[in-house]
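Worksheet for the structure shown next.
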Amino acid sequence: MVEFLNIFIGGLILGGIYALIAVGLSLQYGVARVLNISHGEFIMVGAFLTWAMYTFWGLNPLASLAIVGPAIFVVGFVLHRTLFTRLRTSSASPAAYEGGSLIATFGLMFIIQNLAIITWGTDIEAYSFLNTGVSIFGARFAANRLTMLLFAAGICVVFYLFLARTRLGKAIRAAAQDPETAGMMGVNIKRVLALCFGLGALMAGLAGSLLSMCYPIRTTMGLEYTIIAIIVVVLGGMGSIVGSFIGGLILGMVGSIVLYIDPSLSLVAYYFIFILLLLVRPTGILGK
Amino acid sequence: MRRKLLILMVSCTMVLALAAPLFAAGCDEAEPEKEVIVFGAARPLTGPFAVYEEMAFGPIYKMWVDEVNARGGLYIEEYGKRLPIELKIYDDGSDMGTMTSMLERLILEDEVDFILPPASTAFLFAAAPIANKHGYILMGAEGGGTTLTPLLPSLPYYFGVLNYSDHYQMPVLADILSDAGIETAAIMYLEDLHGVEYSGVAGIELTNAGIDIVMTKSVPLGVMDVSSIINQAKTLGAEAFLSFCYPDENFLAIGTAIALDYNPDVFLTGPGANFAFFAGVFGPAAEGIMGYGAWNTKSSAASEDFYEKFIALYDPGLLDWWGHNLYYAGLQFFEQAIEEAGTLDQAVIREVMATSTFDTILGPTWFDMTADGEGGGLLAEECYTGQVGQWQNGVFEVVDPGANRTAPPVIPKPAWPAEE
Amino acid sequence: MRILEGEGVSKHFGGLAALSNVDFHVDAGEIVGLIGPNGAGKTTLFNLVSAALTTKQGVIKFKGRKITGLKPHQICRMGLARTFQSVKIFGNMPALTNVYIGSLFGIPAGTPSAYAAKGAEELLEFVGLSASKVTPAKDLTLVNQKRVEVARALATKPELLLLDELMAGLNPTEVAQAMELVTKIRDRGITVFVIEHVMKAIMGVCDRIIVLHHGEKIAEGTPQEIANNRAVVEVYLGE
Amino acid sequence: MNSVASIVLNRSFQLGLLAVILIALATLPLHYQGYNIVRLLNIFMFVVLTVSWVIFSGSTGYMSLASAAFFGVGIYTSALLGDKLPIAVVVGIGALVSSCVAFLVGALTLRLRGIYFAIFTFGLVELIKHLTLWWEINMEDRRGRLVVYVENDIIFWVMLSILVATLLTAYFIRRSKWGLALQSIGENEEAAAHMGINVTLVKVITFAVSALFVGASGAIIATRWTYIDPGIAFNPLYSFMPVLMAIFGGMGRLLGPVIGAIAFTYLKEELGTEFPELYMLIFGIILIVAILYMPNGLVGLIQRLWIRGFRRQDADT
Amino acid sequence: MLEVNNINTFYGKAQALFDLSLRVEESEIFALIGSNGAGKTTLLNTISGLVTPASGNIEFLGKRINGLAPHIIVEMGISHVPEGGRIFNEMTVRENLEMGAYSSHAWKIRWGTLQQVYEIFPVLKEREKQLARTLSGGEHQMLAMGRGLMSRPKLCILDEPSYGLAPKYVEEVFRIINSLREQGITILLIEQNVRHTLETADRACVLENGHIVLDDICDNLLQSDHVRKAYLGL
């Protein structure tokens, strides 16, 4: 029982953070059509802002979510309104735009990382927050990881309700399917796309904040998280938010089980599952 | 037609671009008076290894260059004067291909006088043959390993300074553990040259010392959860937990052990525990944690001086209690060998380095060369200030048996601090 | 002679039956129409015949040979060509190249490129597009893109041609031209199997009509018989 | 102007010029041993990677991120066989093994389209990397391998030969019936299949052919690195770079990727050496500015300037 | 109600509309007739703001609307039902209809409008919770039209509402168009079904190669030799 809980809750923790990382990217690609290679850099910036505020001002990392999220959202929103909107209107075709935006996000990745290196250097940073054990039916877990899970789950649920229930959420979903027609319905497409990019960045920032409570952080870590996010998003089915949740949870569970059996195989297992699932379902779990 | 013209234009540009540097190389002007000594290096300013540049060798070589220049430079008899040092650092982006090219560029195109090593063991392995081919002395800083030892006879220009697994660390650890009566140990190691070597050597040395290794688990780079390993070690009741990983995984292991309340008698980790900022991150929980490679201000008066100089320049959190004094000593040794040779001819300097003993912050310092004296060398065992350290009251104490010891090991380590 | 016949052809998507147990045949030299409401399974049937979808239930024979399980390119090389409901042209290539590709690859042994090029020009003229040879296909109007598709299909030297909604979105005059084209194709000795909604066209050119509804064949017969069929009027034609 | 242009446009003149360039390059190491050999070597390598990528992905529209896998397979071939066989044979084997891997991958991934194909191939690189790692550590108790050392000029000649082979292959595929088939797959795969093109075969074989050169260049470059491990051999950088370089250069014609790879490699190295602290920042800005102002890549820009130049000349006369 | 004055529109480098003018009066059905590629859809897209004209101006209820973004034009009371319907396949029928009422004034009263739309298209109420992609072709078009009505438009632009529909549904579509006029909605219609269209509409114009060649009431057009020859196939 304890072992089962160890694996299960461990899987939820990993899955929760994977899902949170992936949802933002899924939104950016699914709606705004930007495969954002700099996604991980936003995660990194979120993590470093939280670390800096905790280390220098003693600000509770959970409280810093309220600062980091909006700040990064604004950056994402403005980036889209300036750079990507321009790119979109000047591109000859949607495919050309996807290629072009891919390059642009590569550029962004370089720029953000370099700025972060200038600001924070390249060494490893970490802080100890809520690093105590919590017992659940005899299985012990680190409190900071459980907190991370709770917040990740909370953010994902709120975000899901936002998309499913609100006027803006519906507009985003409509724009994901057919932006031009959504425009005919009265949706301000430029704003919605920028909003999606900003929200994607916001999710990345929040994920970074939460991650920094549990893992050491480096200014050079961005790409690793981008890769995880892309894998999860593709696994779930591009553009499907729910798919990203499921993809994240599957990877988390698989990771947790394999970590239990043989940790050295965990990454092999991730990619193996990923490749196998894609071969069975070529458009991801919830893809069309 | 335009397209063809276009093709033509581009090919012409290519030819010109190719020819220009050749031409420039062909008409070298007469050698001007030597004004400056250039040290070149391909270093990871970006990418995953950038942390080395910031925390390991980076601060040390910069500090050393400034000091030498403050004295007016290196005195070279051949020129009859002191020549200041200039650094030429390229970014290799943590990529092997870029590093090898940059190194050859430094040697062939920039014709630097000396090179400094790239970061990480694998990169050192790749840099050593290149340096040897061109007859450049390569001091090995961040890295070294048993894999390199058999190659030393073919690498006469290689001088490694850092201690590593069977280069005295694990045998000393085995002594400490068996002295303390430890009977069982669990090993977690990273799937990387470092982890494989350490776990391999530790396996031999600890077993020889009569310690039973009850668990050996490897983790991949980028692992995000090690609780199953900690849980297993706890279940097995391993008295010593040895984590042969890098800071990311080591930090994860310690955090997880605290959360899961696994408090073995000995908790030792690889790179990470040796950094000064480690104590800051873990606070009281750092107490009693061991790491390999060790020195502190009590090691010698020279160490104390070096420490003062370092913190006057850098954030004290950047201090590395494993390698910093070794890198610095290596540079001091190099510097004295150059002045002793009185020339910039590397073959001559190499002979000086292979055969001399110089005073550095380590005390009398020399290299153990291969038996015939024709190959490369490693810093001699007697020169090291310590092989194993332990955090005690905020100080990374050297706990080796013998003269290097600055404090006896505390085994079992104190319990993790109670929840705040 | 039956050039194409299907027995018990069925297709399911998820739980939904797109086609259930349909028998049909097309005789050589005929023009056969396939009609039915949207979602009746007409295009699915074409996709099964041309192997765009795999047939798991039922048997389809072309020229007496079983073709279920073959790949699209093999079926094409046997002499069965098609056009698509939503045009699938090679948009960035000139119209002529579109047709040229058909003649290069559509025939088992391949055609020497010079002949293929000449054939392509002729066919483009046949469909009335000789003026737009070098225009990238994506810049043509929808009607002309559909014509390019027809020319491209003809370039593979088919014995049977499947035309999927060639006339949708055409005004009556254009429909008349398209009908003439279909007849001309048959006059070249090619059997034609068409899906159409434009009743005037289908009644005008077809020798025989098959009606599908909810994946089942509800009627088959001459245009006259179909127009008077109660079931067809009820589900499809309206009063 | 006219007479110059006619000489310049003369086909035999162009061929002659190409021959001269080739001979100049081939004889370079005989009289020159400096760093430019290494610089050219790197440029050749990236041109090979980029053009190989374009051979398959450029025309079919399938964005492959598997280059690093083929490259790594080549590298490992060299690490395993480098000291046992002559280097040319090793390179050949590296090419063949990569090609076989590509054939298998191609056959496996037929159902995947678009971004799924791209990420699948990327996942494959990671899977191979981690499997190799796991194998080395758990089965052989080692990590990484030393590779036989080869002189720079030999590496240069081998790489030059691979480059020439790659360019010739790309050129002839582009001009052939096969190239037309590839292009039609890129435009509309379903229609291509119904036109009698065996799309599966065409895709898989092209994928395998393009991997030949990637594997070969991996095999030869490994001898420059002398020590490799799975992380170094299967570095995802070598999957991303060809894509970036091709888009940077412009994919409309064969020259685009070539120029893209040359400019990109050169720029990256110069920035990394001139401004090591800021090079990523500058590089990032260049990428963004490039994509905003050169939608058709470098070649598109050159063409635009060229045409503008022509117009001005016309206006002058 | 709608006045288009001397507009010129380009698609890329090619000019699609030349100096084109037309007027749509309140509460009429105005039809556009022309062969494929004549510029009909371009004209509609220009009116609803998807394409910006290079010159000329468009006025709706006396206000200039050219150059405004599509979402603002919707807000002003023009609803565009695009060719092929273009419904949101991955949303439910109900959500599709809600999207139709996206503009702010319509959003507030969307539940009332929804009931009205359900009265016109009872089948949509039955399918309310289904994903739109599970609808049949006829229902699909109903949904597109219903969605167009959700914004409470003053002018409804219908681009080939009977495209690809079975004959039975074509009748139904024209019946609905008629009922919309009875509710006071002005309609701008493109149809290939020329005879049917001219019998339903009040006025129509004939568009050829981006120029208007005829503009008259439908009865006259039905008699016109040019129309009979070029568009009715007589």
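Each chain gets a letter, A, B, C, D and E, in the order it is written, and its residues are counted from 1.
Quick note on the criterion: a residue touches a chain if its C-beta (ideal position, glycine included) is under 8 Å from a C-beta of that chain, and two chains touch if they have at least 3 such contacts.
No experiment lies behind these values; they were computed from the predicted model shown.
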| note | Ordered by label, the neighbours common to chain D and chain E are A, C
| request: List the centre-to-centre spacing of chain B and chain D in whole Å, with centres computed as mean CA coordinates. | output: 35
| task | Could you grab the centroid distance between chain A and chain D? Build each centroid from C-alpha atoms only and quote it in angstrom. | result | 32
| query | Counting only residues that touch at least 2 other chains, which ones in chain D make the list? | reply | 130, 134, 137-138, 277, 279-280
| Sites on chain C at which at least two other chains make contact | none
| field | Contacts with 2+ other chains: residues of chain A | value | 113-114, 117, 264, 267-268
| Chain-to-chain touches, reported pairwise for every pair that qualifies | A-B, A-D, A-E, B-D, C-D, C-E
| message | Per the contact definition, I'd like the list of chain B residues that touch chain A in the complex. | response | 45-48, 50-51, 53-55, 94, 191, 217-220, 222-229, 231, 247-248, 251-252, 255-256, 258-261, 272, 277, 281-283, 285, 318, 419-420
| said: Applying the document's contact rule, which stretches of chain A touch chain E when the two form their complex? | reply: 167, 170-171, 173-174, 177-178, 180-190, 288
| field | Of all residues in chain E, those that touch chain A in their complex | value | 48, 50, 69-71, 74-75, 79-80, 82, 86-91, 95, 98-100, 102-103, 106-107, 147, 151
| request: Enumerate the contact residues on chain E facing chain C in the complex. | output: 14, 33-37, 136-138, 140, 160, 163-172, 192, 194-195, 229-233
| request: Please name which positions on chain D make contact with chain A in the complex. | output: 61, 108-109, 111-113, 115-116, 119-120, 122-124, 126-127, 130-131, 134, 137-138, 236, 240, 243-244, 247-248, 277-281, 283-288, 290-292, 295
